[in-house]
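Structures follow.
Below, chain A partners chain B and then partners chain C, in two separate complexes.
Entry: the complex of A and B
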């Protein structure tokens, strides 16, 4: 039993005796000043907990997206080169297969294959990037792959569709009539104008992947934002849950801002919107 | 001259010189397999073109003129195309070449200008790059030399401040300027043949004349041969040596330009010419149009392909396809049983007028229209 006096003192310390709007304003004020509060559980500042967890999740996201794009872009281009050709049909089949497998199953499957059967990569755990790069990558590769495969299928399909449309454009005929080699036409002429949808989809996808990472972090026991959130929910450590939700939301907004900026980089027409009539 | 010099300085292999015509097209046929059936877009076309000469190819939309120009180049879709016939260019048979071999001819020996400058330039690539990339690829010039030549090219096609324009994207230029750029692109490697596919159709009337004059000047200065494809007889009138009129995939009349206008034999040519408004006409004169529309290239009529729309059409035109026959002027050929300006033609036209019919069922235009 907690004495009534101690309870009141604790409530006061946590600001729970203020009105709800008052608490909210206080929270906003603190957050904007970088103070996300302290963990109810162990007294550690929330900021510190998030700071430790965030790099893990960010690395996971970055790696997974790198893998997805590095594989999806060439495959998408090749599939678009001969629509409904053998390569296109096989890659489409594989892509839909990957899309149909849920991440938790894919993760377990990868663990079984690479960790249990062949002992190539560790099944769980994490080494921070700053400590040992090789070890870090070893731990990161399976979870990144799990996260990547779903994105990969989507990216490939989206790029393929746009690429097919671009290859029908007049300026591609112009490039052909100039006698430029096919690889040059695909990479220098067709790829960039075909990436608008890909960039949009990737932006939204990365946003949702932040939560997708929760599952993967749980499966592989990675000390990222996902695992932090999940364990905090179980422990009813509301301060941390609040903070991770904030981080995810900010992350989503920042990524979509970057996507908008990327449009301008890809398409000069959006930069000079005023110049066109 | 410029083309020759380029090739020598860069060690580019010169094509074998022959004394014959630069381009010889013989019985060229290009069909497309579609869900509806075989589209006979080009159906047995033959002509030849000498160095430094200009051939105008005239026809309505859907007459096969654009497919003809692409087919000559070999610039066709990879699948569902059936092409036969011969295309000899500078002594080489283009139809026998693989696409990889054709790439050494495209842009280098044969340049192409397209219809719509709004869509034929890459929207996300700077103008300079679009000109220099073929120079660098084909002639192996370095960055600085490519740039220097691009400036000279833009200057020669009449673009002010060429240095600045190199860094522009196509959307920063007007339609006329863009078409000048596409011409510069086509001329970059000094081709001996320029295929211009409706180069002025998408442009303002005031700009059309400028672009046509530019093409004519470039052609003269570079001693290039040119195939000028258009639906507008007015465009080719003063700017070609010879005109081929196409209808439903076939050449229906071909003659030296002056002859074609003064002594046309094919009723279709006459109808095309009549459909051009004349300054001498009083205002509010009803424009003479060709009734009906070009035939479906999947289900072509038997006999003459123009008979359903022809004011001269007789039973024979339905039954038998007229062969290409020679007129009195050398180089003048036409396909017609009842040619314009002959007693047979006059009789046929009079008979149709008396009976108040035209084979398509539309009323016959009053005499003198």
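Entry: the complex of A and C
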């Protein structure tokens, strides 16, 4: 048994003897000053734990989006080139199947294929980027691929739809009449105006992606924000759970803001919307 | 708004060229429709790819694959409901059989690492998935649908507030919300159903609201108003029947998403407490013995995959079935 005196002292240290609104105001005040609190279990500052975990999650998200876009853009263009053609139909079928596989199943499947059956990539573990780039990528490839496959299917379908619409526009006909090669028309004329929906969806997709990152970090035991949150939930370490949820929410809002700003870069019309109306 | 006659979808069964299979499966399998066979080099066809093709009536039918999907979901529901009456092994009978057996007549899908019958666990696990999937979306549908109908019909400041709130709700990563709730309240079937139900309110609200706005401007609503119908009556008798089909087809897809969400929670060990079997939990348990027996992991994965695929597909087909404006305008 913990002596009553020690219990009271501990409560006082953690600020649990104050009223709930009082605790909340204190928490907000601390958070705004960059102090996210300390772990209930080991007294480590939460800020430090989050700082260690964040790069892992960010690398995972960036890599997965790179893979998804690099694969989805060419496939989307190819599918749009001949709507309802053989390639379009096959890619539609594959995309539909991919969308029906939850991230956690996909992760287990990839572990089975590449780590258990063929021993190509390690199933779990992590090497920091700063330590060894090759080893880092080796550990990052399966988790990123798991996340990428889900996004890939969505991006491909969205780009395909927009691309089909763009290819019907007059300026495409003009470009063709001038005798421009198909590849030039597709990449230089049609691609940019076809990417608005893709950017929107990529922005919305971030919520799904963060969800996926939590699962993927759990499956592959990557020391990112997701695993930190989950292990804190299992350990009932509410200080860390609170902080990671806050970090994820803030990060999410910031990324969405960046996506909105990206519109201006892609679509000149949004920059002076008032002039055109 | 009155539609000019030319904008009506030119899709009537009798205009369809002969030789197109009537099932949507046939269309998907690559049956050449209309002038597609004549397609020339890509750069010649580039601009007019399919513009002129009328949406064929084949798309209007639900199709063979739709009924297979419905059949699969119905089978899963039936087995889950009748699970107690079926001659199944105890899903939690630890040690009643040898662990990690291969599929046999006695254990149709073999046994897991604790010697429990996998077939029986999948069927009992379907109960959790189905209860969570359908109940939570029912909650979302009733709350979100009602709010959407009201907001879309009355518009004004209330609508603006609801719309803003739904944007905020949609923005937040769902699993993080679920984890936060489970961490705070504790894990139980009730918590999972209610929190997934809350999460589903915003998207369903959006769909019902958007459709309500469209229908509220139609002539038959104006006519009902001119006849002196009260607002409640207009909403319930004029708008709701038109909005419902689309909303329900979205709800089917939402059920699939809810089932996946529960699966993810169970996979993390944060859904219904063990030993109650859940598909996500079974995948998570099977994961640890991938090297010795990958089948343990495969069966619940397949059950989840086909159920989600079937719900997605059925919802998708229903949506394009009810989407009258598709392609024609």
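Assorted remarks:
Following the convention adopted for this analysis, the second predicted complex is superposed on the first by the 276 of 277 C-alpha atoms of A that agree within 3 Å, B and C clash if a C-alpha of one lies under 4 Å from a C-alpha of the other, contacts with A are read in each partner's own complex, and residues count from 1 in each chain.
Keep this in mind: a residue touches a chain if its C-beta (ideal position, glycine included) is under 8 Å from a C-beta of that chain, and two chains touch if they have at least 3 such contacts.
This one's a predicted model, so the numbers in the text were calculated from it and none came from an experiment.
In the superposition on chain A, A:103 makes contact with chain C only, while chain B stays out of contact range.
Once chain A of one complex is fitted onto chain A of the other, the partner contacts of A:112 are limited to chain C, with no touch recorded for chain B. By the touch criterion defined above, A:266 lies against chain B but remains apart from chain C after alignment on the C-alpha atoms of chain A.
Contacts of A:214 after superposition on the shared chain: chain C is touched, whereas chain B is not.
Legend: residue contacts after superposition of the two complexes on their common chain; A:173 is shown touching both chain B and chain C. Once the two complexes are overlaid on the shared chain, A:6 sits clear of chain B and of chain C alike. More chain A residues lie in contact with C than with the other chain of the pair chain B and chain C. In the superposition on chain A, A:188 makes contact with chain B only, not with chain C. Once the two complexes are overlaid on chain A, the chain A residues touched by chain B in the first and by chain C in the second are 82, 173, 176, 181.
The part of chain C that touches chain A in the complex is made up of residues 28-30, 33, 36, 39, 42-43, 45-51, 170-176, 179-180, 182-184, 256, 260, 263-264, 267-270, 280, 283-284, 287, 290-291, 294, 297, 301, 304-305, 308-309, 312-313. Against chain A, in their complex, chain B makes its touches with residues 73, 75, 78, 102-108, 111-112, 114, 116, 119-125, 133-134, 137-138, 169, 171-172, 182, 185-186, 188.
Looking at the complex, you find that chain A touches chain B at residues 82, 169-171, 173-181, 184, 188-189, 192-193, 266-269, 272, 275-276.
Residues 80-86, 89, 92-93, 96-97, 99-105, 108-109, 111-112, 116, 164, 167-168, 172-173, 176, 181-182, 185, 204, 206-208, 210-211, 214-215, 218-219, 229-230, 233-234, 236, 238, 241, 245, 248-249, 252-253, 256 of chain A are the ones touching chain C in the complex.
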